[in-house]
Amino acid sequence: MAEPYPTPIIDLGFARLDVQRATRTGDAEVVFGAGKTPAQVVGALRALHAAHPDRAVLATRLSAEAMEACRAELPGVRLDELGRLAVLGSPGPARGRVAVVAAGTADLPVVREVAATVEVCGSEPDVVLDVGVAGLHRLLAERDRIDAADAVVAVAGMEAALPSVLAGLVGVPLIAVPTSVGYGWHMEGLTAWLAVLNSCAAGVLSVNVDNGFGAGVAAARIARRAAPREP
Amino acid sequence: MAEPYPTPIIDLGFARLDVQRATRTGDAEVVFGAGKTPAQVVGALRALHAAHPDRAVLATRLSAEAMEACRAELPGVRLDELGRLAVLGSPGPARGRVAVVAAGTADLPVVREVAATVEVCGSEPDVVLDVGVAGLHRLLAERDRIDAADAVVAVAGMEAALPSVLAGLVGVPLIAVPTSVGYGWHMEGLTAWLAVLNSCAAGVLSVNVDNGFGAGVAAARIARRAAPREP
Amino acid sequence: MAEPYPTPIIDLGFARLDVQRATRTGDAEVVFGAGKTPAQVVGALRALHAAHPDRAVLATRLSAEAMEACRAELPGVRLDELGRLAVLGSPGPARGRVAVVAAGTADLPVVREVAATVEVCGSEPDVVLDVGVAGLHRLLAERDRIDAADAVVAVAGMEAALPSVLAGLVGVPLIAVPTSVGYGWHMEGLTAWLAVLNSCAAGVLSVNVDNGFGAGVAAARIARRAAPREP
Amino acid sequence: MAEPYPTPIIDLGFARLDVQRATRTGDAEVVFGAGKTPAQVVGALRALHAAHPDRAVLATRLSAEAMEACRAELPGVRLDELGRLAVLGSPGPARGRVAVVAAGTADLPVVREVAATVEVCGSEPDVVLDVGVAGLHRLLAERDRIDAADAVVAVAGMEAALPSVLAGLVGVPLIAVPTSVGYGWHMEGLTAWLAVLNSCAAGVLSVNVDNGFGAGVAAARIARRAAPREP
Amino acid sequence: MAEPYPTPIIDLGFARLDVQRATRTGDAEVVFGAGKTPAQVVGALRALHAAHPDRAVLATRLSAEAMEACRAELPGVRLDELGRLAVLGSPGPARGRVAVVAAGTADLPVVREVAATVEVCGSEPDVVLDVGVAGLHRLLAERDRIDAADAVVAVAGMEAALPSVLAGLVGVPLIAVPTSVGYGWHMEGLTAWLAVLNSCAAGVLSVNVDNGFGAGVAAARIARRAAPREP
Amino acid sequence: MAEPYPTPIIDLGFARLDVQRATRTGDAEVVFGAGKTPAQVVGALRALHAAHPDRAVLATRLSAEAMEACRAELPGVRLDELGRLAVLGSPGPARGRVAVVAAGTADLPVVREVAATVEVCGSEPDVVLDVGVAGLHRLLAERDRIDAADAVVAVAGMEAALPSVLAGLVGVPLIAVPTSVGYGWHMEGLTAWLAVLNSCAAGVLSVNVDNGFGAGVAAARIARRAAPREP
Amino acid sequence: MAEPYPTPIIDLGFARLDVQRATRTGDAEVVFGAGKTPAQVVGALRALHAAHPDRAVLATRLSAEAMEACRAELPGVRLDELGRLAVLGSPGPARGRVAVVAAGTADLPVVREVAATVEVCGSEPDVVLDVGVAGLHRLLAERDRIDAADAVVAVAGMEAALPSVLAGLVGVPLIAVPTSVGYGWHMEGLTAWLAVLNSCAAGVLSVNVDNGFGAGVAAARIARRAAPREP
Amino acid sequence: MAEPYPTPIIDLGFARLDVQRATRTGDAEVVFGAGKTPAQVVGALRALHAAHPDRAVLATRLSAEAMEACRAELPGVRLDELGRLAVLGSPGPARGRVAVVAAGTADLPVVREVAATVEVCGSEPDVVLDVGVAGLHRLLAERDRIDAADAVVAVAGMEAALPSVLAGLVGVPLIAVPTSVGYGWHMEGLTAWLAVLNSCAAGVLSVNVDNGFGAGVAAARIARRAAPREP
């Protein structure tokens, strides 16, 4: 049966098909998987990959069904179960390095989203785990490695003390990703969000709760500019 | 002119005159100065001191006018301008030691309220300042001193990372006092409050925002029990 | 299929393997079961028990499946269905006593979490139920028993009046655990949380909503120090 | 100079001139003083008194200037400095009795507003002070007196435990007035408000924060019906 | 297998077994069904009915399974599917009448909870539906009937304008029950709650969102006193 | 078995049967499907259609089951799967045109609810998609088409910048519908709601989050009046 | 002394000098007086009046000093002390009529801002006061007058029941302006805001709290289109 | 008179004297003027300038009195009345350029704080004003200039649509500063804060409300790295 009034033509079911944007900004094309069917995800990745054969394209927030569909229908796709991600195509040589730092395993899904985004956006992710503020010696041991990066992304839930401590140790541009990880009443990550935006250390930047993708895009922009392409 | 209906007898204008309580709990008597006139503060301190001549009594949150009245009318009173406090009488020998730890000068008024309360409640305050998480080496240098205390009170505003870092360094019972200190949108201290109650370190206890008095009473109770009176 | 980028080595899937910490602080090792698979819970308990054969280790917030796996695979484990807990190993002789006080049966799961944590952290829990403020005579009948403890944990939901009433009756260090128990609009426990942090009685300490584990760790620290090990 | 467009006729500057309402409901006429000039308050009281010569009329939330103007210009007015109230005329014989109960002196201004409203609405207020939950024996001593009233108004700030304790002690219709009294972060009385609306005791009714007037009107309605006019 | 530590004796799994309370206050005994198993509900109703054979006892917030169990195992029980209620025993002759007023069908479950509670607490409920403010003529047509009641309970969701309009029409003690009924962003009933507590009409009392039971208990207390038992 | 007390006659299970209203206002009759059974939806649509044979009637927020029941039992019904809508009857000739504008596909269900409501309320919806602020050229290309409408409804989630940009481009009465669409912490649409109510452009009107129906009713009222019926 | 870095040229100190906008939309030019000096207000009004000699220009939210400066320096200005407004120039013949409806005197400043904005935007304001829901007969008496308008603006504080009642009485496009007027805890107008956006009546539109200007602009746009200019 | 207990040595009254930090990170030294006396501000600036004679030092959030004291006592100081800033010393040659973009004059104080911070941190601020989204042509005219910068800071109040629009136009790293500017209920800038953190454009970074200093530090870090020091 027909629908009650005419439906405008829609862009294949994925949000933003803007082929000039990637060229202009150097960011990768991304499919937000939340709320999409497996078929929509596969179709969107295939179309974006065809439009950008020399770059990598990314899909985030995938359901188990969507990941299974990607595995079955997209030869060469790389999947990350924990991060709920799929990558199609090769990102090419990386410019700059982004340290992705977190305290523990609970924040790992967001860490993976940051790292994959950094990679498809043309920079190199360097993941540093197990450096929570409750065990300072482990963080101090990684200080020089982090300070040598071109940008830092600090992923932190609960009270989110890590970005403040980090910002006192290194002088690199620093983006905090508050996460909704916690064991009590934390208002779905509001605690971590408020914490990183009230850091006692100057220059801590923030994205929304759990928004690893947004942090990865921004960090890669910074890192690519800090390390221009080799001649 | 008479008031429109009979007024019940009131307890001299101060909140709780319960002479048995101090004996029973070991806590000191306190006058909350907020909203009281200078005459009410002076009268309350004088009456409590007369009821407890062998102990110290405390007044908190005093206006400048109330402090001036105490100075003029209460011989032997000790005043703290920064902490807005007055103490009358001697607390006697202290049992146990409470480390009162803070990052910087902005939290100093609350630090003073904690320390004075600890003292009048019969324990020894040991104030450790300038140990914010943005300069970890200074905090690490004081670790042994803090770990040797019978209780720790960590006063912290902004994102309140200090209690979490401290709780990873020492095994002493730890009370966090979130403060309303901050330079941006922090919802009058809610940020710090949420942070300390979501600490990634186990066993961090909390009182209300800026409630140095409450933290001091509780810390002294813990410290006195940890260090029983000498025979 | 390989994951898209190298994964750092992870600490066996449980949050904090810090074998020195237990020795230093006297706290027990704990596995937070929320979000973990049955296999992860079993593996973590087994590894921690091997590292600390002379102490008890605890797992909290377990799913029914995780409890079943513990029963099947961990000989000697003790389980608490209501509290969703598992304990492996013996805590050794207890130092000090912690009164765990609550009004009714709805708060019982949190009461169990407090009591088990106190026990594995080396102190003795003494559970006192059915003492809600709506039936004061029952609370008054238990006053001396509570006052003789080394620390008190008051578990309270809804309007959380119990900690305030208790703090007026006894002089023992008192920790309130607000719970998310309620029958109307209470903002997931915010009501109880705000109540305990605004208690009219001095010295009431608090942890996060439903955080029985945190309260148990802190209470055991206080009780152990108040009652040093026998010679 | 004229205003830019015609102004409709306004009712003398006070909110509700509805001469039938008092007759119909038995409530008194009231002038809300907040935001009114001294002249407006005096004019409104005088007009209402002229319309109801055989009843009392009330003005609440008066500024010091408005109280001074009432004293100077309204012969026979009765003023309450603490409650910021003025009463003109006689309320006539009272029907029923309303117990107005509170913990301490900080809530006294609201207590006065309740009591005066009860009186002008034709019932007898019976103020019971110093019965906070931190000193239960004093509350228990007044139990029979409160239980014999026709309605109870419990005024309580901070964590507002008093209404719950009271509701477990007496079977009288009970109205709680949460107040904005507190010494920490209590969100301008939201804490007390949430507490009374989440009371573990059945049948606790509530009005808005500090709304002594509303509670007094409702309590008097209940009390007058419970004690019909003598023949 | 035994539980890890001794469990105190519990009151049969239901919240408050206080056989004196009903006698003292005239309120009925109630079983809150939320979170209880069918067996617990049946057991609690049976025990309370045995303790009070000459009164009615009530169970609220029942699951479909619990209602089925009541039907199968409790001869003579009366069930209300829409209100999720069960009543066992007879309430005896009613004293006073309570008008229970609502706009539409969406609020009907709460209306039923109010009415059943009023009935088991010994007063007569008089339900008046379809009187929303969007159709004023229907409300005006019921004015005299409502005004003749001994108490009014106004059940209202969404913007909850009904209590304010009612309070301007009748002089009866009025209790508003805000409900969580709505079609947009209303913060789970906060909108209605704030509305009834900010009514422009004096004397509107409130209970928590959806708390029909609390409103019913309070209304019956008021109505019973307004209409003393016949000689 | 009978229910415990008499049930008043109810209006067939749907909210508002007010046959004069449609005639008076020109709005259509609507069945809110949320919380209704398939049989209730079908019955309500059939009854309203019988009462208004010459107009269209609408049902919104339908479950999949309710849509299936409409398809099976209501000949001639038009269904919209994405918008979860059903329309029965013909709306007659349209007066005026309402531009319904949105950025992308995620807001499409709300767009459909707006459009269908406009249509059944007697105006013509003109849907303009893919005009998000991140691709300004597409919005600018549609400026004249939007400016020529009689009213504009802008549907926008996330940060809801579209209404502000639109209001700077066209002078038509503009209604914003904030939606709960977003990928991070946005408080269920509060972000979009606050944004549209704080627009820097004058005259932006708003309805509740996701309330496409409300916006459609209001827009059609405006458009019908701007384009009076032909003679 | 020079400022530390060059300052870009600024548009004379007032927010938006966009001479085409008024011609395009028919809205008037407005100076928001909040935060501006008297000299800035006078200068802005004079410049806008010079640019639009055949229209009226408006200034809102004026301080007493700014109003005095307007009176002294702008011949022909019309001032409204209560609404804190100034109007310069003549609005020309009005098209359409906007009913501006409110309950009482407390909302009068916002009513004035609505009415003046409507007038300078080219429509006729028709102010209807004293029609609060607590006195329904007065509102019903004005029903026909309101229903005959081309748009309605309902100004309402406290629980804001008026817009819902009005929307059930008339079929005119209706804009609600929630106000921050209230006597208790209403969160600076959030109560009224939530209420109008959750109206049980379909099609109620809203602006921000106290935003009489925004409502006036939108209402005039609607009214002008409903009543096209005479030939 | 002496204070009641010994006071630890304090760092001259200003928050952070960490002479190595500037060398390590390249950030400038800053004095937060909020809450400091004029003498403290002057003393802090003088001491920091002496410690860093070859760099510029900054003071922010100065009172009028503090600015006057700087003018009188610090030769060579540069003051910005609107931004409430003081700069002492020369920042040396700039590396990189930061576009500081805002809609209008109300955000100018924050714009000034961003620009001055960028300058003292060693980069070049390029201020672009009058480019609000309500006048898109002005923003589009500046697109190439902004796109050529090394970093962008977008300052935006009210609904904060500017950062989203900008992020769709340029590929430069972008930091949004939400401001507390607004004319209605916007929760002290929460509206703008939520908006920028929910931007539909990827990669928008944020600092706290009105935190121009934090944005400036971060932007300069990014810009300096993008444009390495000349050989």
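Worth a mention:
As written, the chains take the letters A, B, C, D, E, F, G and H, and residue 1 is the first residue of each chain.
Simple rule for what comes next: contacts are C-beta pairs under 8 Å (C-beta built on N, C-alpha and C of every residue); 3 or more make two chains touch, one makes a residue touch a chain.
Please read all numbers here as calculations on a predicted model, not as lab measurements.
With steps allowed only between chains in touch, the distance from subunit A over to subunit H comes to 1. A repeat of the A-H interface exists among A-B, D-E or E-G. It is D-E, with more than half of its contact pairs matching by residue number. For subunit A, the chain whose average C-alpha position is most distant is D. Taking each chain's centre as the mean of its C-alpha atoms, subunit C lies 45 Å from subunit D. Centroid to centroid, with C-alpha atoms defining each point, subunit C and subunit E lie 36 Å apart. Residue numbers of subunit C whose C-beta contacts span two or more other chains: 132, 134-135, 184-186, 190, 193, 197-198, 207-208, 213-214. Per the touch definition, subunit F reaches subunit G in the complex via residues 24-27, 30, 150, 171-175, 193, 197-198, 202-208, 213-214, 217-218, 221-222, 225-226. Within the complex, the subunit E residues that touch subunit G are 103, 132-136, 140, 158-161, 164-165, 167-169, 182, 184-187, 190-192, 194-201.
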